[in-house]
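What follows is chain A paired twice: with chain B in the first complex and chain C in the second.
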Partner chain A sequence: MTGNRWAGEAARTAALRVLAERGGLAVTLVFYVLVTVVLASLWRAAVGANGGSVAGYSVVAITWYVAMTEATTVSIRQRLISDVGRDIGSGAIAVELLRPAPVLGVRLAGELGHVLPRLAACVVTGGVLSTMVSGPPPEPAALALALPSLVLAVACNLAAQYAFAGAAFWLRDAGSAWFLYQKLVFILGGMLIPLEALPDWMHRVASVLPFRAMSYSPARLASGHFEPVLLVEQAGWLVLLLAGAAAIFRAGERRLQVVGG
Partner chain B sequence: MRSRLETWITAVPNLKWNLDELFGEGDRLCAQFTFTGTHRGPLRDGRGNELAPGRKALRIRGVGVYVVDAGKIIDSSIYSTSAPSEARRGRRNSCASPTPGQPRYGMAIEVRHLTKVFETGRRRSLRRVEAVDDLSLTVEAGERVAYIGPNGAGKSTSIKILTGILHPTRGEATVLGVVPWLDRRRLAARIGTLFGQRSLLWFELTPRQSYRMLAAIYGLDRAQEQARVGDLAELLEAGDLFDLPVRNLSLGQRMRCELAACMLHEPEVLFLDEPTIGLDLLAKQRFRELLVRLNTERRTTIFLTSHDVADIEHVAERAIVINHGAVIYDDDVTAMRRTLLSTKLVEVGLSEPAELPTIAGVSLLEHSATAMKLSVDTTTTSIRCVLDTVLDGLPVVDISVLDPPLEQVIAAIYARPRR
Partner chain C sequence: MRGLLATLRNAVAEARANRAALVSQVAIMVVNDIVWVVFWILFFRRVGTVRGWDGERILLLLSVLTCAGGIALGVLANARRVGNMAVDGDLDGVLALPVPPLAHLLVRRMEAVNIGDLVFGIALFASIGSHTVARTAVFAGVVIAVATLLTGFLVLTGSLAFFIGRNEGGELGFHAMVLLGSYPVDVFAGAVKVVLYTVVPAAFVSSVPARLIEDFDVVRALGLAGVAGLFAFAGWATFTLGLRRYTSGSVWTRP
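Take a look at the complex of A and B:
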């Protein structure tokens, strides 16, 4: 009805908000550096103790891996599922229904605009940190693929979080969903441990779930593995997750229209 | 049903049409359809109003609604048309509002027998709550209406239905000819909403930055957006506030910017829910003046909900009072006092201390050496009789007859049974 200029403007407005809150961005970066340094140190020690490689990751590779998984996680608003769920449960989302643009579309575009400046800041900082601590990226061509993969990763994560948060249309409280979701991304998404280092059965489970598209894929690429298929896989998951979130929100909005907020 | 519709629509030649949705129960149905085509000669909507007067041929596209009862069309409305030049500009223009300042005629809101029943609890202890119960009302374009009632009266539920957020259980309603729950987004482009507790602006940004985002949502291009922001800055005398971060604005300043936000797309109807809540006296007064100015200069229909009696008194021309989900009073605000209460207040200034003689139906509210305030029950004694007695028997230097405060009138209305 109104064209799609709203998507660009929603992203732009959210990015402006992040840049207006420079203190918040600085705190995010400090937190990112701390967590990355601690995790990278632990992994470097483990790799050193294991003869210079764990599950095929060298010291340089694991440092870049950790820097990228943390960038995808830290750049996304924490407790997003709970916040969105609260907006749905409290009826605050009703105000957004009074606009001639899709609620989910505007929100997702806004979240992406919120994430991208933070992601850029984290990736640049993480790149500098990894180069200083361990050395340059193991495979520049793979790193080039990691850049679009990072964007796809956060987009998949946001779409999945909105799909989870949509439960609040029925449950009124999506807070518990956030706890479960976070742990799934940490473990099955390869945020804490590269998927190759997981037990075989768990690796197989993780390979058929969308969580690996949210963290593992860009980290795998940045750690020197030139595997373009990961991008295709991410794009596929993004389409599915967006379709799922859209279906849940459509059903949820219909329910809200019938039973009230 | 389909053949009935076909008969009607094919009476307009050269139109392609499609039945999109059918709602309702039994014989009583509501059908929504879309149509496109070139129409020659005058085209009229369901109420006989000519669409695009003076045009010989009209490329049209739109949506219509028929309400059908026992196989007959008992009501119809076509709520979107587009001429060739407008069609090229996109669908939004098909429902564009009239030019600012141009009078807006017709019915803004029509509600007939609207009912909303909420079901709460589990299957065995299922409870049905009738939040809106057979509500009927009409609001003409350009009116300023206060929609009031005690907490839990059904105001918010009915406003949610009228803005398309909620489906009714039964009944019919149109806002600007649109059935809200059938076409929420199309209606959203033509109405504005301001809920006192919920901000349309982003606190970290300036209002102007927020307006850019809202303008994109409402399909305005940059030139239109800048023109309207400039226009609203002048109208609301708020241009100097538009470039300050919202977090630095006082509540009164922010509410002026919120009003600009909800007026950006030039809505034809403005739904306001407690818009002055939390404002100080001066800010409230200014906000009320702005609402009246919006209405008089742009003919924007104002549909105001407020518990603040002064909002009703200074903004609304007409009051609709609901309780238990139904209308219990609907009349001019000025008529409320006069027609509803049989009480008048008489304030008397005295040159020296005096005692009030006993008069049936008159009670003394306040008494000092130089003044007294009387309450007169006009069903017992006439004002003329009271004035004659007071003027003859007391050393009067000043006397005035007043209506009781509006709070008292509204409280009396709330206490009335349903009509």
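Take a look at the complex of A and C:
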């Protein structure tokens, strides 16, 4: 395949597969609605108990915030790190080295193709749900910025997960690392709790880590905060994370040994 | 009974065989649970009390949930896999044995990572509030009741796969129960709250037991025991009825 057409093909094939498996998409949406309703209920109760605002978020803002953080999380395969680590550890990834295209590039394009239809479905569902239970988006212009930010968020997350999973080239297994990675996104990425609600020192730590680009940024925009700088920050993290993952895979592929030659 | 005890001993020996893996998996789950504790502490420090719930009470809820989850998902690990086993035809072996199939299935395998929940839950309970013998006894009692309820619910939703041929319902039931059970029932309202006391009885898995430990009440305790018994019976009955439709894992019997 010439040029970078392989990337488009990998993404298109994965997206078509997701759209063809409607049952799987429906289960994802049911799960998405469930977690969004649960977390939004908790925060709405908290905002109600605090005179209508927590850390600067009103009931409407916090509902949109939760809907977007959950969309970025639910649309990505939960155990991606573990699955990629298993492919590396077992040597199954060796077959992909035979292709005239970079393993990481094809895999990332495929994952993005897998995620985007699910993300779109979750975002539309979340938008409808938020409007129904709390009201329209607080700031339409900020919501428009949230759309590219959502794509950047899942791209950053995928790149970081591949960088984490790349450790399996040395350790032979990424095991339950996904469990711990996920929790970093939950707290320091602002998925469970807006970063403004964290203690100051923790907020400062979260500000210099990439996890906020994976969940907090689009949610902050969708909750009515017109802050275009968040997009610039996400783009910067994406470049760094992609470069990191590529370096890890390049080094790992050189030392990969597979039984049988 | 002797057969079941021997099976349980084997499951324990199997889990302990690779001690390094057991310790690392238990440690990972403990770290995971600690993150939830951190979240709840941060949350309640920021928002104060929400509908009668504060930091200490939510940690009590978490200790019951993790202990019971550790038993249902760690000690009786196959409870979560009933649906997959029914669909994949993995029950042939157990049906040939002279033991009650469901009981044998439940004690046959342990999941090391969820044993971490059990360890964490006990440690968390020990570390919060002041404990008397009576309070500890109530804690032990509600954990057993909740583990029974949770196991019954998982077997019930998993056994639906015998009838519909797929296990998405079981998986969704599991995730819904764990997710909804992790939050205080009082933050929900209307139809959602009704669901939490009926279809997905998550309220009985966490909020009701936590309240019982704080303020024991015989009627509520009997209510919890009754619901646990009801779901245990429903799980067993659905599994037993489902076995009549089971068509083996042999490729020769597949349409």
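The working rule: the second predicted complex is superposed on the first by the 255 of 261 C-alpha atoms of A that agree within 3 Å, B and C clash if a C-alpha of one lies under 4 Å from a C-alpha of the other, contacts with A are read in each partner's own complex, and residues count from 1 in each chain.
The working rule: contacts are C-beta pairs under 8 Å (C-beta built on N, C-alpha and C of every residue); 3 or more make two chains touch, one makes a residue touch a chain.
None of the values given here were measured: they were computed from a predicted structure.
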(message) Contacts for A:Phe226 in the overlay, against chain B (first) and chain C (second): which applies, first, second, both or neither?
(response) neither
**Prompt:** If you stack the two complexes on chain A, which partner ends up touching A:Leu42: first (chain B), second (chain C), both, or neither?
**Reply:** second
Inset, instruction - Pick one for A:Glu21: touches chain B only (first), chain C only (second), both, or neither. - result: first
Chain B and chain C footprints on chain A meet at residues none
Listed in rising order, chain A residues that touch chain C in their complex are 23, 27, 30-31, 34-35, 37-38, 41-42, 45-46, 49-50, 54-55, 175-176, 179-180, 183, 186-187, 192-193, 197-199, 202
Chain B partner, complex, touching residues on chain A are 1-3, 5-6, 8-10, 12-13, 16-17, 20-21, 92, 94-95, 97-101, 106, 256-261
Contacts from chain C onto chain A in the complex sit at residues 24-25, 28-29, 31-32, 35, 38-39, 42-43, 45-51, 113, 168, 171-172, 175-176, 179-180, 183, 186-189, 192
The chain B residues in contact with chain A across the complex are 90-92, 118-119, 157, 160, 163-167, 181, 184-186, 188-189, 191, 193, 195, 198, 200, 202, 204-205, 209-210, 212-213, 215-219, 245
